[in-house]
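What follows is a pair of complexes built around chain A, which joins chain B in one and chain C in the other.
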Partner chain A sequence: MTKTQMLLGAAGLAMIAGGAMADTSGKRIALSNNYAGNSWRQAMLQTFEEVGAQAVEAGVVGAADAYTTSENQATEQAAQLQNMILQGYDAIILNAASPTALNGAVEEACNAGVTVVSFDGIVTAPCAWRIAVDFKAMGKEQVEYLATRLPEGGNLLEIRGLAGVFVDDEIHAGIEEGVAENSQFEIVGSVHGDWAQDVAQKAVAGVLPSLPDVVGVVTQGGDGYGAAQAFKAAGRDTPLIVLGNRQDEMQWWADQRDANGYETLSLSIAPGVASLAFWVAQQILDGAEVPKDLTVPFLKVTQDTLDEALETTPEGSVANTVYSLDDAKAVISGAM
Partner chain B sequence: MKLIQKPWLWSWVAAAAAFALTVALTEGRGAGELAYAALSFGAFAAIVGLGQMLVITLGPGNVDLSIPATMTLSGTLALKAMGSDPGTAWMGLGVAILVGLGTGLANFALIYLLRLPPIIATLAASLLYQSLAIWSNRGLRIKPPAGLADFATGRTMGIPNVALVGLGLSLLIWVLLERSVWGRWLLASGQNLRAARLAGVPVEAVRAATYVAVTVFAAIAGYLLASFSGGAALNMGAEYLLMSIAVVVIGGTSIAGGMSNVPGVWGASLFMFLVVSMLNSYGAGAGVRMVLTGLIIIGIVIAASTRRVAR
Partner chain C sequence: MKLFAKYRILLPVVSLAVLLAATFYMQPRAMSYFGINLLFNLAVPIALATVAQMMIIMVNDIDLSLGAFVSLVACVTATFLNDSPMLGVLILLALVLCYAALGAVIHALDLPAIVVTLGMSFVWGGLALFILPSPGGASPGWLRTLMTVKPPYIPMAVCASVIIAVVTHLLVIRSGIGTVLRGVGGNARSVQRAGWPVVRLKALAYGLAGLFGVFAGMALVGLTTSADANIALRYTLLSIAGVILGGGEFTGGKVSPVGAVIGALTLTLAASFLSFLRLSPDWQIGAQGAILILVLTARLLFTRRDAQA
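For the complex of A and B:
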């Protein structure tokens, strides 16, 4: 039997087995991740590994492998993408170090017939799919929430993320928009907390002595607990701090609620978005029609859902949602 | 030597100026609060800076880039070992110091046995330590025991406890450098390695001890920082890489080696915290803040080094 005959035979079998859809059981999906050094990324990797392993076991895909670069550099990740093309992956899901610097490598992948789905840290290359969170809305919603709780307004402290990163600019723009619409609020101080509790704590402690009374703190996630610690150390009343779904933040919230009825809101992007990207990639390989730009809702924890969220979040981790194939289909049809 | 010729003077002048400018904004309100915060956060930079200072004193090419990873690993392992149980604080400190000894010995083994340049050896080893920290706990934050957390965030006679620990360690280093044979050996090795070896100084032993000292200091700083901020995080050491080198240079220690300066490290550590607070208080954006911080650092280094040339 010649090679051509074998291929024809295999194609015939696949057509019988797969029905109208293409079969993805032999397809291999890789995760290209640029950073692993915080609890959010660890939860993301874990979710991907679990969902991937289940999918491989169920025969939905052939392989689901995760790769992380060590130095969070775009050049390093571009080389990683090129390796994945050479290794013959059918799809790459990508949390990118830069929205633009990886476009060259992404184009190469597309030209080699590889499906590229970017999420969280998205890329702008037109051939790739994007699963993004509306970070701007996330910033705006914080101010709108504060407006419902503090109708008389007051001074706000803003804790920003890592300077120069797309996500930081977007959330900040959303907060500015919210403050412009709710003129009873004024941002009297702004510091960079780098999405880390200890950095936020240090920055807030440094700026607090020069600030007037602060009624609310708008944040970007991973910095609320540090801010609370700094307010406590300075002997000030705890303002209304919007949190970012970290377990230590939510635990602190629950403790405060039990002690003095503290109320707030917590919102962030769920690390499980990696599982959504995985299923979207699977759907594209399956031949489904998928729009290039998809939006994933952010995960909100409210006073009512706090206990539930705390119960399901491992100690020291981040509140999470694992997306199923049906969730992915719903997101796709919602964007059509 | 006159006061103005002291190389540590400039970092203290800069710290005092930043403090005065911040307090001027609030018309004196919050001065105590700011000083307290500066001492608390400056202590961590000072502890890692002291270690880095010893390594830099060894001469050109000597630097330890594994400080952030060592801090993360020691904080992670110590807090995991303590598991929030009361009465385990000393055991946790022991774990942290063991981590410091281990990483220091590993670094020196790479430098001595494989003859790798210290920059490469410590950077490569730090990837290993960071991976170990990730692997051991997957980034989960474990709370420190309540007693230890209270100590790390508490104060004695109005001074933050972490600053007292930092001062104790500084005093130890100062005595070792100024009053012990080991200190003389270290300075001699830094000034001229070959001459020191010919003079009978056990230079390799001095280098080994120095590379172990820096990681033990980093490990202690990691342990304290994790207890201070309510748990170890995988990225907790990140900002201390450049910080540790900056406080040494601003503090007036010669980057060419052979000359240490303990008080300067403290002045520079306070300054590094105060300058960010000052620019934040005046509402400078991130870009302006980084440019100004860079310019001020260059200014201080020039001021400190021209003094030395003029001498």
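For the complex of A and C:
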């Protein structure tokens, strides 16, 4: 978390503390998490703990505790949710191991009067709130950005994620939609990079010899650096690669920019979405009218914000943003 | 302290009581109809799976495929049993028969059960993924009603545990066929020489395991309302731990159905207790293991002392 973000957060909290909303000061919010084994989840937990600690200190909520199951299993997380009901939490924010297998426990929570807000890994139980990422828009935006940079169009290479995962389907659908609307582009090749640089590099290197000139690469995050390396190894000009906020990608981008003025766009979901879920839960407890389905904006890094993003992102991690109460209110009113 | 050896069941009961008292002390809210049901309702499928595992351990084998099998049953329950009940029942029956056949094959060809069941776990897992490639399905309405029923005074989870314990106790300890089955685990050769068809007996034990595995999967779906191909993978180890915690032994023939059910409840409660303690997840698995070792050590100490006396 940067100093500015911290200051912003503190300012937000000061505003609340000064305001009339002390209704939730006795309420307790718990985070139910099913997995902590990668940098994205670590960043997510850290963000929640920082935001929660500040909110508790400012008296906005009574408690904000994070729980992670010892194993990434739906049955474990269901038991964890039931324990949270017993512990008397007023709201549970939930990154679920399964979209459906927790519905029974979620319903138990709702029946006990507990507010359940799921995010990232959402649940389908009707009584829960969902904060989902508009992955489709993320795919479409990439093509739209390319259209502004390359008005004459050309051939595109698409790098997809892990086959069979809902996120991959959504981003792909968005890219298809973007290409349909911008007919000057044509997707001439598509490979699966599995959101990993090494896999992406191998896959792109394998398909490159059979491809005509490629002007742009649309990606899903975690694969842009690998693609760039594959183009370099094949002795081709580096096309316009849309990146996904990983630190190694942004470092490569900065190096290219310094060397030859390379310009691109980077976008992905921020692990700080946990803080958004926290504020949404607080708003629901406060009595605010909140639609059940919310969409979280994705985090964009542009040419102007690259240096700042790179500075605040630890090596091997992902660019992050911490959402404030005002961000949550904006998301809620946007969904009304 | 001959008491503990004389009544094998005493130690599991004491462990559960101690843990329950500690949990109530930590979280007084749990000491209610609603609280007890929440603490134990997910233990019901685990108890059923533990009984299934007990049937296998009873005949001196071990089943490493139980978790995958329960997951498969959960997938069948959430899809076929819900959409076309007849077909669903037929598939579940076929699965029970598969288990029985497995028992017969293991005995007839003298295969190590640990290897065969490990292999079968991949078959069950693959089938589960085939039926439900992405999480989903829905619990049949009657099953959901059954698992969320609120009987007067005693929560569903407790009722179900008592019923499972009593039924399996009658079946395994009191009935004639149960005694013979335990005999197969204790000394298969004597049973054979006494004129019993051991192949059929083993098939029966495995079939019973399959039946209770099916019940476990159905109970799980009734609680979660939908399934996932990986929903019950943890049940393999949980069920083995439950049997041993409940006073069973790997040597075959020495099992306690009531103990197995209590063992399953204790394991579930241990996880909740550690979560109430706010122990970091990194330590939770280790702490769960420590509780297991503690109970087993206590048992060993008591049996040793009795042996000397």
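Going forward, the second predicted complex is superposed on the first by the 285 of 336 C-alpha atoms of A that agree within 3 Å, B and C clash if a C-alpha of one lies under 4 Å from a C-alpha of the other, contacts with A are read in each partner's own complex, and residues count from 1 in each chain.
Keep in mind that, in the parts below, a residue touches a chain if its C-beta (ideal position, glycine included) is under 8 Å from a C-beta of that chain, and two chains touch if they have at least 3 such contacts.
Model, not experiment: these values are computed from the prediction.
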{"item": "Partner chain(s) touched by A:S324 [first = chain B, second = chain C, both, neither]", "value": "neither"}
{"item": "First (chain B), second (chain C), both or neither touched by A:S333", "value": "neither"}
{"item": "Touching partner for A:T305 - first (chain B), second (chain C), both, neither", "value": "neither"}
{"item": "Partner chain(s) touched by A:E315 [first = chain B, second = chain C, both, neither]", "value": "first"}
{"item": "Partner chain in contact with A:Q54 - chain B first, chain C second, else both or neither", "value": "neither"}
{"item": "Contacts of A:Q80 with chain B and chain C, given as first, second, both or neither", "value": "second"}
{"item": "Which of chain B and chain C A:S190 touches, first, second, both or neither", "value": "first"}
{"item": "Touched chain A residues, chain B compared with chain C", "value": "B"}
{"item": "Contacts of A:G104 with chain B and chain C, given as first, second, both or neither", "value": "second"}
{"item": "Touching both chain B and chain C, residues of chain A", "value": "36, 70, 164"}
{"item": "Complex contacts: residues of chain A adjacent to chain C", "value": "36, 65, 67-71, 73-76, 78-80, 82-83, 85-88, 98-105, 107-108, 112, 125, 164, 166"}
{"item": "In the complex, chain C residues that touch chain A", "value": "27, 29-30, 34-35, 38-39, 41-42, 133-137, 220, 223-228, 230-234, 268, 271-272, 275-276, 278, 281-282, 284-285, 288"}
{"item": "Contacting residues of chain B [partner chain A, same complex]", "value": "22-23, 25-26, 29-31, 33-34, 37-38, 40-41, 127, 130, 134, 138-143, 153, 225, 228-231, 233-236, 238-239, 273-274, 276-277, 280-281, 283, 286-287, 290"}
{"item": "Residue numbers on chain A that touch chain B, as the complex places them", "value": "36-39, 41-43, 46, 70, 160, 163-164, 189-192, 194, 196-199, 201-203, 205-211, 225-226, 229, 233-235, 246-248, 314-317"}
